[in-house]
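What follows is a pair of complexes built around subunit A, which joins subunit B in one and subunit C in the other.
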Partner chain A sequence: MLTMPPFAVVRPRSVDEAVDALAQGGRLVAGGTDLVPNLKRGLLDPKRLVSLRRVAALRGVHTEEGGALVVGAGTTLVDLAADTRVRETWSALARAAEVVASPPIRNVATLGGNVCLDTRCAYYDQTDFWRGALGHCLKTCGDVCHVVPSGKRCVAAFSADTPPVLIAYGATATLVSARGSRTVPVAELYVADGARHLALDPDELLTEVRVPRPGPGARAAYVKVRSRAAIDFPALSIALVLARAGDGAVSDVSVVVGALGAKPRVVDGLAAIAAGRPLDEATIGAIAERARAACHPLGNIDIDADWRRAVLAVQVRRALATLGA
Partner chain B sequence: MNVVGKRRPRTDSADRVTGRTRFVDDLTFPGMLHAKIVRSPHPHARIVSIDASRALALPGVHAVVTGKDMPVRYGIIPWTHDEYPLALERALYVGDAVAAVAAIDEATATRAARLVDVTWEPLPHVLDPEEALAKDAPKLHDEARHGNVTKHVELVFGDVDASFARADVVAEGEYFFAGSTHAALEPHCAIGVWEPTGVLTVYSTTQVPHYLHRELAHVLSLGADRIRVVQPPLGGAFGGKSEPFDLEFCAAKLAMVTGRPVKILYTREEVFYAHRGRHPMKMHMKLGATRDGRLTGCDARTLIDGGAYASFGLVTTYYSGQLLTAPLALEAYRFQSTRVYTNKPACGPKRGHGSVQPRFAFEVTVDKLAEKLGVDPIDLRRRNLLAPGARTVNELLVRSNGFAECLRRVEEASGWRDKFRKLPFGRGVGVAGSFYISGTNYPIYPNEMPQSGVQLKVDRSGRVTVFAGTSEIGQGSDAMLAVIVCEELGVPAESVRVVTGDTDLGPVDLGAYSSRITMMAGNACLQAARAIADQVRAAVAKRWECAPGDVVLAAGQAMLREDTARQIPIAEAFQWAETDGGTLGAVGSYRSPKDVHGEYRGGTIGASPAYSFTAHVAEVEVDAETGEVKVEHLWIAHDCGRALSPVIVEGQLEGGAYMGFAEAIFEQHDFRPSGLHRGPSLLDYRIPTSLDVPELHALIVESSDPEGPYGAKEAGEGPLHPSIPAIANAIHDAVGIRLDALPFSPSRVLATLQEERRC
Partner chain C sequence: MEQARLETITLTVNGDVRRIAVPPERTLVEVLREGLGLTGTKQGCDEGDCGACTVLLDGRPVLSCITLAVEADGARVETVEGLADGPRLHPLQEAFVRHGAAQCGFCTSGVLVSARALLEREPAPSREAIKTALSGNLCRCTGYTKILDAVEDAARVLREGGR
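Let's turn to the complex of A and B:
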């Protein structure tokens, strides 16, 4: 078996205790489904883990006055996906949560861990022995990127399923530290550097995610492209939110694509090609083409990049057609 | 028959699914140490020096061994001993073992292994078999006679050139079968226990305890009479545990050095490096036929990528050609197969050893031929069936043959006539067939002793204990032995205990490979059980004053055939027999017939007491825009001679078809140019989940073989073969493209579709 490095664990019971513990140094662990494999592979060597398992306040889903959805960071993906309000009104989020990994993993995996997931790379998610044999890279202790050898920045893929959906819905995140708290759009949690892809400070805790209620007539979809029907991380994750006016014309459309580089790609320029137009074949084709042009799958995932780009356009087109039907 | 052929659940299933089965890693011993193996980070490098002083200085470390401690070469095939337990001078692939460290626990051993300082001199490496054949290629094994060639075989049967001259149509192709690995759930594990009396016990996840026993004696220079190999139930093997590995030698040696039990458990990554999985093969396959659809000849050329060591490669090289000569009859046949060394983990036997790859090429070529002839591919196969009791073109004697029935069953069950060439674009069906051996006719090391032995002990309590050297690896061989005993002695299943996988307790059996156990150990068990039954019937007949033949042993009773109301409990009958003849026991053994193959060099390889037959129909849906293939159904008709336990046979049919489907669509055992495995984990090496699996329809065909116990043949490996070409042929029916390389990944399918459109 791969063995764990030694570390201490603290188990705070409240958010205050948690951020105090974090202020003294340490690494957060929620469900541990990302962190533990990374520990075993020698990707991290924290001296201290701060476990969120006993912080009951982080768990739970509720809706606010005004209709926004609030999900505690400690909510498990299985609970999130099963919530009837989420299923009815934020169905794409329920969908994204229920296609993560596998049932046993979703039973313990949390939304917070999903939003704060480490980036992934075919050259990084390997054992110590494997990475040592190849030579270390920018994301660990080396000075080269094996994906883009001329590059100076890590382009590991952010492959969590829920963030593209959260971004497409316009969600915000609440971050708390011993120094205070702040609220930022989920889209701004990420930085285009796979080695430091989170805009959180090391002493900050994500406590909750707030998702606005979609406007009337808005519909959303989440498409996960992957090899197997379970377990696999996305080869592409595509979130779409479409709003239409009374006459059926597109009033707003957003497309957010994950599993490319270190931050989810918000496809820009869609208003110019779609707003005010009927959702016909031409409009759908234009949006799909725009998504294809804006997204650049890389060799950071062991699935052919050209193929991923080709199916991206197909999947966007199909999803829009379904939403428009 | 009272027991044979009846549907019963396996007796060990409950233990397996509730976690009660004790696998090797579940065993611990007082004072047991844990060891880790130090592996080469280079695909090819000279070991300049090994300095273990830093590791030995770590508290909790007990010992370090290196190649110098076991400088003896071994190998599963006696003619190709080309491995050391720990590399002595050179490491030949990333992951090759060079040292082992024993410490008080696994974490300490892991840390200590990193402190073993190996000074390497990296050498040029070669990964591609074609490049390995070049004159200036780095040479892996100095003792190999021709460059990097492990084995070259060329055999010709009949006049092949004339057969093609006579052919009206010829179909051919260049095929590539990427390698694959077994991915058994249970990683390899071994524990060495050294008694002060000088007796070594090795507990191992091996599927060949007898061969491991021999190699341990050889490498450790110990008398075989002082070694005991114990093989607890395995969590899958599929051929991946059918030869000795570094861990067994290291656990044993470290136990001898430290005087304490030593356990080694592979990480999943190490399982990928140990490998011995399916060889990548580049194949050229050519078939000719007359206008009326009679096959004239076949010409096959195969380049086999062997990885760093020979393993079973000699056999693989023969199998790649020898096992194509049925179920279709060929008038002339030639094959040339060459296995070469490359700086990658060694390939070996995986379920369907040696013949799954050429079978893919052959069955796709048959499909191409059918298309050219304008004949339905099932009909084309029907026109070329091997006659009953015939010898194949390479002189294998095929007695029972249910292939025609297999074709009929899949044709009917799949609704073939309404589907082939009739489904809308994107949907299709494909067919393929195959045959396989029920055990190899000869042991791996030449000898005239039995290939299987069984010893029965019958108790006055009514209990029967079967002692056999067989290996239960999940395939159900223990249940098979129990079924035979129940059938012959009339005892209930609960009264039978099967003791296997222990070289101290059971007579020699060669192991769980080449689908041999039902044929060989089954026959040995039948012989022993009948000897006991004769004694019991005689004892009863004496008391009832009837003929022994009038006594029936069934349903836990001995009874009179003509008047079954006259009966006594079987335990009492055993007591009568024990009273008359003393302690009850019997032995049985099996030796395969020797007149079933040709006399030419290599004619014995591929020869078997009996052959199984299989036909598959696959139904697929292809997304022409994304290249994704969804295999919706696999109909699997398999002639196993006789299904002793239909539930287990169906499990084998489904499991085999699943494994073939997995190789067809998902698996990629691939290496980076640096020689590193692309993804040595079960997240990156994708085997299908339950959600991905097609509907599997297992159809049992029973042709009753004269040699098999109750007519039984194998069901473990044959059913895998046709799934891959059946899927390829179905994809062709669906979207009109030929996929001559594996796997049929979405990117390959899409690229092939786009190429086709461009033409």
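Let's turn to the complex of A and C:
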């Protein structure tokens, strides 16, 4: 049995109480489906957890007057995926939420928890005994990376399913602390350091995510490549949003890829190769090739990196063909 | 010192109200098995992968090995022990016996409570819906076919007026 180190749990009932508690130090826990296993593996040793489970104001989905979707960070993934408005208008977000882990995990895991999910690595998500036997790495207390031995920064894999989709849709996140609140694009929540990949300050709480309404004719998809479709984290995650003009030409296309390094990769340079062109085989092939060239899967996941890179191009091509059909 | 770290929580377990003092880092499965003697819920992988520890928390399947007991304070908890009515097995349990859907049995209690939550929500689920609902419950023995057959059969029995 895996035991946890002793800690205290505080259980605020409002956002104000939560940020006050957080200002005094502690680590946030919502569903706990990522944090508790990590505590059991001895990856973290917080003295105090600030539980968000009783903060009712963080839960719920609504749409704004301008048509944007607003999802409370405490909304469970099962509720997000089941919401009719989300399924109809932000279908790729519903898809990403419904392919996270398994039903009993989605019943408690939250959108905020998924957005703030810890990075994962074949050399990190192991027991203390296992890690100690090999020698500790950059993400814990060591000074070497077992994935890139010459590397100075941790490259643990960004493994959350919803953020690539949120970034592709152009979503923003609201962060609240005892000092005030700010709104930042979801894409800017992450930095390329797997040991500390969140740009949130330690006293900041993610309260909600706002997703703009896709333009008319826009279509989106989320593709998750993994070993076991029932429960696994992504070996590759690909979010695509495609907008087309009245004549069928591509007006905008976004491709965001996760499960590479510590932050999602927004594939750049797509406008130059796709905008104004018909979505034919040549355009689809060019987008897929651009995605392959821009993304570099690493040995941080126990599925071959070269295979994942080859499959990435295939999946982008298939997804675009489906969206264009 | 240890006493000061205990928190008193109230759980309604299979209909019985239980007040228990627990340290904050104790998981729900540990409280159920060791504190309340309800050993039907199994501690398998103990890190949220296998589903053997599945219980219903306010009617929804959750993994009790990664649920802190203090987080369940005030909730309704239903374990596999809550399925049978005295000596009379639940139709799901009877179907599992009929179909040989339990082999080593370690995953069975988790599978049963996941299936119960599904049938409460959806009395006539498709085979696909059953597969999805049970996708967090790993079984290394049966190959799943007999489990799916049993759940389909139990759903039919329940619809036809079995308990």
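By definition in this document, the second predicted complex is superposed on the first by the 325 of 325 C-alpha atoms of A that agree within 3 Å, B and C clash if a C-alpha of one lies under 4 Å from a C-alpha of the other, contacts with A are read in each partner's own complex, and residues count from 1 in each chain.
FYI, a residue touches a chain if its C-beta (ideal position, glycine included) is under 8 Å from a C-beta of that chain, and two chains touch if they have at least 3 such contacts.
Since this is a predicted model, take the numbers as computed values, not measurements.
Asks: Tell me the contact category for A:D304 with respect to subunit B and subunit C: first, second, both or neither.
Replies: In the superposition, A:D304 contacts subunit B only.
Asks: Touch check for A:M1: first (subunit B), second (subunit C), both, or neither?
Replies: Both partners, subunit B and subunit C.
Asks: With the two complexes superposed on chain A, say which partner A:A178 touches: subunit B (first), subunit C (second), both, or neither.
Replies: neither
Asks: For A:I105, decide between first (touching subunit B), second (touching subunit C), both and neither.
Replies: Second partner only, subunit C.
Asks: Of the partners subunit B and subunit C, which touch A:A243 in the superposed model: first, second, both, neither?
Replies: Neither partner.
Asks: Considering only touches as defined above, state whether A:V70 meets subunit B (first), subunit C (second), both or neither.
Replies: A:V70: touches no partner chain.
Asks: Applying the touch criterion given at the start, work out whether A:V148 contacts subunit B, subunit C, both or neither, answering first, second, both or neither.
Replies: In the superposed model, A:V148 contacts neither subunit B nor subunit C.
Asks: Does subunit B (first) or subunit C (second) touch A:A230, or do both, or does neither?
Replies: Touch partners of A:A230: subunit B and subunit C.
Asks: Taking the superposition on A as described, I'd like to know which of subunit B and subunit C A:A195 touches: first, second, both or neither.
Replies: neither
Asks: Residue by residue on subunit A, keep only those touching subunit B in one complex and subunit C in the other, then list them.
Replies: 1-4, 6, 102, 230-231
Asks: Applying the document's contact rule, which stretches of subunit C touch subunit A when the two form their complex?
Replies: 5, 7, 23-25, 27, 43, 46-49, 51, 54, 57, 60-63, 66-68, 70-71, 114, 132-133, 135-138
Asks: Spell out the part of subunit A that touches subunit C in their complex, as residue ranges.
Replies: 1-9, 11, 29, 32-33, 36-37, 39-41, 49, 51, 53, 78, 101-105, 107-108, 230-231
Asks: In their shared complex, at which residues does subunit B touch subunit A?
Replies: Interface residues on subunit B, with respect to subunit A: 39, 41-42, 94, 106-107, 110, 265, 267, 269, 625-627, 666, 672, 674, 676-681, 683-684, 686, 688-692, 745-747, 750-751.
Asks: Where on subunit A does subunit B make contact in their complex?
Replies: Against subunit B, subunit A makes touches at 1-4, 6, 102, 122, 125-127, 129-130, 132-134, 227-233, 302-304, 306-307, 310-311, 314-315.
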